[in-house]
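One chain, subunit A, links the two complexes that follow: it is found with subunit B in the first and with subunit C in the second.
Presenting the complex of A and B:
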């Protein structure tokens, strides 16, 4: 799965699940998801469950940090690094 | 889809039922009245493997799969009338043993799991604080880097097994700026460490044989080897252990409901009023029919959630649905059983009065009913 595919998948999921009615162009690759409150605790866990299932990865407890999940770009980088290490 | 227990599961259920009925029910009323936790009974349960059900044999457990773990706990709830003891075992197993097994280092697993499984060690999960309950991550307990480890300071409350625990899984803030994710870390903290103090023990309405209280940490130094699940991994670890707790602890309530259902059937078939058994009065029979419906539905929900623990990467939704339904069914069933027993149900001499008191907490612990509805709504995208 390349970076563009992961970004598209993550963006579609976030728009559909957490931002219903939002214009897609308002969710950019650098929009801050956790620190701007788009993802609360439950939403983050839901996103993680989705990424684990869709991308075939397992996210360790200490990997669930803003550095890995705070934007679509960070999510794509993180997922790619996980896929490369498995 | 096969709804039948396999041969191993049938044997397991039968063994635990017989053990619980033979060994765990003596003097329950007295123990409840005196709020007595009996370490000998804990040891007996450990010998049966109940304190380490899903833990692999290499670490001292029986190595059951998650569904069989729920079946075993269901059987324990049916056979054991001491709901406080069952609760203590589940709190130890699901909120402490499971996270150590799932997220511990090899050194941590080898150090703790054999003792936690064989009954020589009791564990407690220390999350809630005086000012943070459902909003668990508003916690004030902090762990600050110090030398080759951390200094922990804070107070934890509503700690199940806290007064008797030998080791606690303690959640503390390690980086407040990171917040919920990345800012909370869990630690394995031994009771013997300087600064670890068991504070007040609480008296409570039900589950009185399960000790609960406060733990105070005053400059408790733990080495970095005490970090469980990595620095900043506390939130995920907590969510995972809650999935196990919501899926499997509540299996014990199915057993309780089934036992109460059978008592209600037996009682109403022999108790006569107006020239016939009271079971012939539809107002009574319908209550019992509802109890049966709730037991059957609860079992399907719990077993599905437990089954998913090893198959899905998150069972949060199934676990929340199951926990909510089982706890509310348990409270409804116990109140209905008291109503069916009439004045006798109000007396301490019969189990049903204690069952009501024991049931009420189920809508509070492991996340209140309101929190479960929030979780379900969140998963539905609401």
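Presenting the complex of A and C:
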């Protein structure tokens, strides 16, 4: 999966699950997801479960940190690095 | 063993078990013995004395949960001062309000958050000493800080203070209905009467390993901090980040062979639902304690299936009294049961009764307000004499704290929770005044009207905000969430927002909450 595919997938999931009615253009690649309260801890776990399933990766408990998941851009980088290492 | 001051638990255990491990940072695995923790908190005490902290002063703690924050807490008590813990991740303006409100003389603060806190304190014209601990310097920020300030220090008395049992020991701030948090003042006796009750129920010994999941500003932490240290047991400190990670917490419970777990039901639900707590592990848990909210029976049933050998206690009590009733969950839960379990009988260190609005006893089987008296009942709210007197009912039988919780007394003095008298709700164990959410959102320049309501659903309590905007357009949900994240502690964030042209009004032109409750 390339970066654009991962970004689109993550963006659609977050908009559908956690931001019903939000205009898609308001959610940018750099919107802060965790530090700006868009994803609470439960939402973060749901997102991780979705990424694992749809990207075929396994995310270790130690990797559930804001540095990996705080924006769509960071998610894409993180998922790609996971895919490259498997 | 009853003590006059809470830090005596540590001092006595340090004499008996100097080499025993007192605390472990569950995340990093760092640990400290009783002897070392006692000595480190002595150094904190000496430093606080050098900078002018006196008995009966207040000292703030704005630190991540760690061995350092534990040693700081005991150092403050050893001066004879009271500790004031806050959520280090909460908005700095809110923390500055709290520290200014109770006039702290000094604040231990995580170095990376010191500047933001200093700015907010300056706006309030408050100038307590900020004592920064820097984790980027290494794993022992407190030892590093103390080494840096020690040189050339004045000699001070090297004995710990011996405050009386009715002296202030800690101030815990909870959500306030007027939009500002209020400080619950608790004494050494308030804390020790509860700790001694825990000893009676849990019968801990030096082989026990306790969890410490709740943050120090949350009243659940009183059990986690003082009960294990009283008995020479070990406490596993679970910080903010780890506390949200069910998979890692589950492996710590199994690998570290924890024997007593205490948290909100939400955290326990997370541990079971996210498939991480596993029946195949040979758990050492003797007790699973939960408090702070209703535990949905279907999740409790699943938890019992995963950890069948532990005893389960539902603990109940507001911050103003800490735990005052408890109920042991039966070994088997009936298949068809969906009603939540009772909050149970009064603990042995309190007296409880059910009263009406005038303070008269309500007959058994009828709804009334639960009132509590005895050793653990708070002194009052910091600097709020009127709120304090409104919180109590006085009569010939004594001073009764009115919990605001509506209960029914059943057979054997077992109480069942029915609801609240006011607009306070509990979600994931935290108490939230809906008025505080409204006050925060009114500060948003585009919002003209706002009303928050809470709904009880099967999965727990959810908070919905209705609002109207100045230009009549809905705000971006991202913008609303961002605004809340920067103006409210995370635990107060609403679950839903609903834009309205105008909010419905009653005939007296007040917001019609009854109408909002019926809206979808």
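Everything below uses one rule, namely that the second predicted complex is superposed on the first by the 86 of 86 C-alpha atoms of A that agree within 3 Å, B and C clash if a C-alpha of one lies under 4 Å from a C-alpha of the other, contacts with A are read in each partner's own complex, and residues count from 1 in each chain.
Please note the rule applied: a residue touches a chain if its C-beta (ideal position, glycine included) is under 8 Å from a C-beta of that chain, and two chains touch if they have at least 3 such contacts.
Note that the structure is predicted; figures quoted are calculated from it, not measured.
In the superposition on chain A, contact of A:45 is made with both subunit B and subunit C.
With both structures placed on the common chain, the touch criterion links A:4 to neither subunit B nor subunit C.
In the superposed pair of complexes, A:58 makes contact with subunit B only, with no contact to subunit C. By the touch criterion defined above, A:84 lies against neither subunit B nor subunit C after alignment on the C-alpha atoms of chain A. Contact with subunit C, but none with subunit B, is seen for A:36 once the two complexes are overlaid on the shared chain.
In the superposed pair of complexes, A:67 makes contact with subunit B only, with no contact to subunit C.
Shared interface residues of subunit A, touching subunit B in one complex and subunit C in the other, are 20, 41-42, 44-45, 61-62, 64-65.
Across the complex, subunit A meets subunit C through its residues 19-23, 26-27, 31-32, 35-38, 40-42, 44-45, 61-62, 64-65. The part of subunit B that touches subunit A in the complex is made up of residues 103, 137, 178-182, 229-237, 239-240, 312-314, 316, 374-375, 378-379, 381. Taken together, the subunit C residues at the contact with subunit A in this complex read 241, 244-248, 251, 270, 274, 474, 476-479, 481-482, 484-486, 490, 493. Listing the residues of subunit A that touch subunit B in their complex gives 16-18, 20, 34, 41-46, 48-49, 52-53, 58-67, 69.
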